[in-house]
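The structures considered in this document are given below.
Look for subunit A in each of the two complexes below; its partner is subunit B in the first and subunit C in the second.
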Partner chain A sequence: MDKRKIISAGLAILSIVLFIFIWYLCTDVLELVPARTLPSPEKVLDSFIKKFHDKNPDGGTLIEHTLASLQVALTGYLWAIIIGVPLGIFMAWNRNVDKFVRPLFDLLKPIPGVAWIPLMIVIFGIGIKSKAAVVFCSAVVPCILNSYTGIKQSKEVHMWVARTFGATRLQMLWTVAIPTALPHIMTGIRVALSSAWVAIVAAELLGSTKGLGFMIQQSRGIYRTDIIIVGMLAIGICGIILSIILSFIEHLVVKGRK
Partner chain B sequence: MMDTKKLKQLAKDSVYGLISVCVFLCIWAFGVRTSDIGIVMPGPGKVIYEFIQSFFVPIGKYTMPGHILWSLYRVLPAYIVGSVLGIVIGIAMGWFRYVNSFLRPLYEMIRPIPPIAWIPISIVWFGIGEGSKWFIIFLAAFVPVVLNSISGAKSVDPLLLKCGEMLGADKKYIFRTIVLPYSVPYIFSGLQVALSASWATVVAAEMIRSSEGVGWIIISSMDTNNVTQSLVGIVGIGIVGFILAVMMRELEGRLCRWTVREN
Partner chain C sequence: MQMDSKGKLIPVIEGRKICKRFSSKRGEKTVLEDIDLSVSENEFVVLFGPGQCGKTTLMNILSGLDVPTSGTVYCDGEIVQRPAPERGVVFQAMALFPWLTVRGNVAYGLKARGVPRDEWMERSDYFIKLVGLEGFEDAYINRLSGGMKQRVGIARAYCNDPKVLFMDEPFSALDAQTRYMMQDEIARIWETEKKTVVFVTNNIEEAVFLADRIILLTNCPSHVKKEYRIDLPRPRDYTSRDFLLLRDEITKQMDSTL
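Let's look at the complex of A and B:
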């Protein structure tokens, strides 16, 4: 058992070392690929550290860009939760609402959030608002969908018990259905977070003056591949950090998980 | 067999659906007529008319079906390659411990980066042609399929495995008759997620750099300030996305009848 664990850990370390070594070999030592196409790992690390305080070449440090992206993404994301989760619960709880809203929702669901960008720019202008609206459009769908299935999955028997004990409909929703649905709702919120993060990168690639998406798009124009990779790493790291924070919150909120 | 009760319910539901869509369109039409938003937004009638017209009158170089085919041509090959590779790697990672520990770190490096963020670097690597788009779609399909295949192969009921072992099946046999069938539903849900992710990604990729395709319809409308065209593009993207999802669900229903999806 222990031996297996050691081998596993060894293989994991080996794979990363091998990856970086091959990358290094192809770029710096053998120079198989030109530095313009793929900079060496050393150069990327160097640019990563430098970018924390260097505004060149796109007019912002890494932290400024990250904060700009986060601000927009979180604005749209919070709105998506505030509107999406109650709407999903409401749709699942009230059959009449379900009948009317469900077809509309099914109609709008398959449209990817990115497709709304031009329309949102026309309606909200080119500032934060339009980007937050695009983020909202992509993040609201999983929020609604998961809250809906969560509520629908509450057990009939539990409902009957509640009714036998004379619970009102509101009490049944509040004490039976929502706690049952909570793990599902949290999953929806988690999926929505990654959709939001994707949407903001896409929105920034298309048109903005700040943010990580803008940074990588700008660097492509001037062939600074090292900064593109730095930006991609930053996007990935932010995504990981956000989802860690979220699972921490999930741990606090959701009780009675398996 | 469909009894009359079910049929009645279906008819009722579709009537409700129709009413709700009509109410939505009416609110849209009314809003456009009466408020300031009418200056920038066309009414639903115009959008539907233009959408139908786009099948006969080309937007840019192609008509609507032409653009849709271009986008599908970008999605499907990369989606298929990404899915097949994803299934193979995912199952291997889920079933063989050491494969998992070797590939996990590399996979975890790719996973958190959204495929859209690869667009700039893929343009540097593969040029602005189809290659860069295929690469991005490949990633968009590969990542979710691997994730679901891993969890499929990992969640095989241990009781079944022990049963197989006790009845004298060797490892190969167990893998083929227990692990694979058990993971198929998981793989399919990964394929489902991957397909919609690929479709969304191709739209984004076409918006950033292309001269045809449904994403191009939307982005070129931005340049010419033609909101109707952008809405027509959105309608097209939505319809194709919907059809793809329905087709996938049908395929799943046909291919794995043993799946019980609670819904």
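Let's look at the complex of A and C:
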């Protein structure tokens, strides 16, 4: 068991090291691509560290941009959870709610979150509101879908048990259906996080005054590929950290399943 | 125990002329036909019959989970129309809640009815001990073996203190060894905590080992073929002469099915 863990950790490190090595080989060593087009890993690392306190060339440090993106993304994301999860649950639990909401939901569901950007910018401008709204539109769909599926997983025999113990319908929802759905709800929340993160960067690329997407877009204009890659790395790292936090919460909330 | 106006004992469970028909595209199928039965207080009654003869359907009707096509079920003289806490059920598929611990499962019924914490703690302690699961109070269900799960199911039904306990082939999913052990256990628990029990099985040994009275059902459409009062002293011995004679006699009467 321990041996297997060491091997998998070794492979993980190896893949990253190999990737950086090939990158290094193509740039600094063999100079296959001009440094202006693809800077070396060394240069990117240097810019990465510098960008922590350097406001050039886009008017903000890496931390400021990251926080700006996180703030907007989390605002839209939390609203998506607050509205999407209960909505999914009630759609699955109550046939009339389902009938009422479903046609609209089915119509809006296939629209990618990014497609909302132009409309939201026209309505809300390029401030925090429009981007939070775009994030919301992307993240709310997986929240609703997975909560809905989760509630529908409730076993009839579990409902019977609850009924033989005299549980009311509301108690059946709280003590049977929602616990059954919880792993699915958490999955929905996790999927929604990646959707939210994709949406925020896309929204910032198209119209924004700060944030990681904005930083990348600005750097493209002045041909600073090193900063573009710094921005991409920051997006990746934030994504990893957020999903680690979520797995931790999931572990606390979902008990007794495999 | 209650008596009616003429001073006659009212049975805990009484079924009068119970019929159940299912209609499908291929026509109507009668599963239960004119079944009359009554169960008195603290009696251990076994519903015994071949394979798919509708025993579970009958039990579901008696407990209120299903409704008869015609006929009536009385519990303590009152018409049964829906499941209620006074009629506990131990399900074939166990139907424990995997998101709750052993204690959470056992105390579920009491909590659902708003019994104060002290009381449900005390009662669940007692029944967890009675079924031999002391030390597993905080274990989740997926950590338990098949036999232990069924013990939780029994404790959960007992803890709610129903007037009558229905058990639907509770040991059918267990291996032979565990099954013998659980038969001993259920006999011991029943002797310690007297309870009116309706037990469904298609295993003749189990029936003779446990029952005060065996109600033999025929093949589909089921009706009551014969009743046997089992007066063998407890604890019973699977290999005693009387046990074997009784077992053979009832087996001969049972309809054979493919």
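Note that the second predicted complex is superposed on the first by the 240 of 258 C-alpha atoms of A that agree within 3 Å, B and C clash if a C-alpha of one lies under 4 Å from a C-alpha of the other, contacts with A are read in each partner's own complex, and residues count from 1 in each chain.
One rule holds in what follows: contacts are C-beta pairs under 8 Å (C-beta built on N, C-alpha and C of every residue); 3 or more make two chains touch, one makes a residue touch a chain.
Given the structure is predicted, the values throughout are model-derived calculations rather than measurements.
Overlaying the two complexes via subunit A leaves subunit B and subunit C side by side, clear of any clash. Using the contact criterion defined above for the overlaid structures, shared-chain residue A:112 touches subunit B, although it does not reach subunit C. By the touch criterion stated above, A:182 is placed in contact with subunit C alone, subunit B being left untouched.
With both structures placed on the common chain, the touch criterion links A:123 to subunit B but leaves subunit C unconnected. Applying the stated contact rule after C-alpha superposition, one finds that A:157 touches subunit C and leaves subunit B untouched.
Set side by side, subunit B and subunit C differ in how many residues of subunit A they touch, and the one touching more is B. Look at A:166: by the touch rule set out above, it reaches subunit C but stays clear of subunit B. Least inter-chain distance for subunit B and subunit C in the combined superposition, rounded to the nearest angstrom, is 9, based on C-alpha atoms.
Of all the residues in subunit B, the ones that touch subunit A in their complex are 13, 16-21, 23-24, 37, 40-41, 97-98, 100-106, 109, 112-114, 116-121, 123-125, 196, 199-200, 203-204, 207-208, 215, 218-219, 221-222, 225, 227, 230-231, 233-234, 237-239, 241-242, 245, 262-263.
Touching subunit C in their complex are the following residues of subunit A: 155, 157-158, 160-167, 171, 175-176, 179-180, 182, 254-258. Note for the complex: subunit C touches subunit A at residues 63-65, 82-85, 87-89, 91, 93, 95, 97-101, 108-109, 112-113, 140-142, 160.
Note for the complex: subunit A touches subunit B at residues 4, 7-9, 11-12, 14-16, 19, 36-38, 99-104, 106-108, 110-119, 121-123, 149, 152-153, 194, 197-198, 201-202, 205-206, 212-213, 216-217, 219-220, 223, 225, 228-229, 231-233, 235-237, 239-240.
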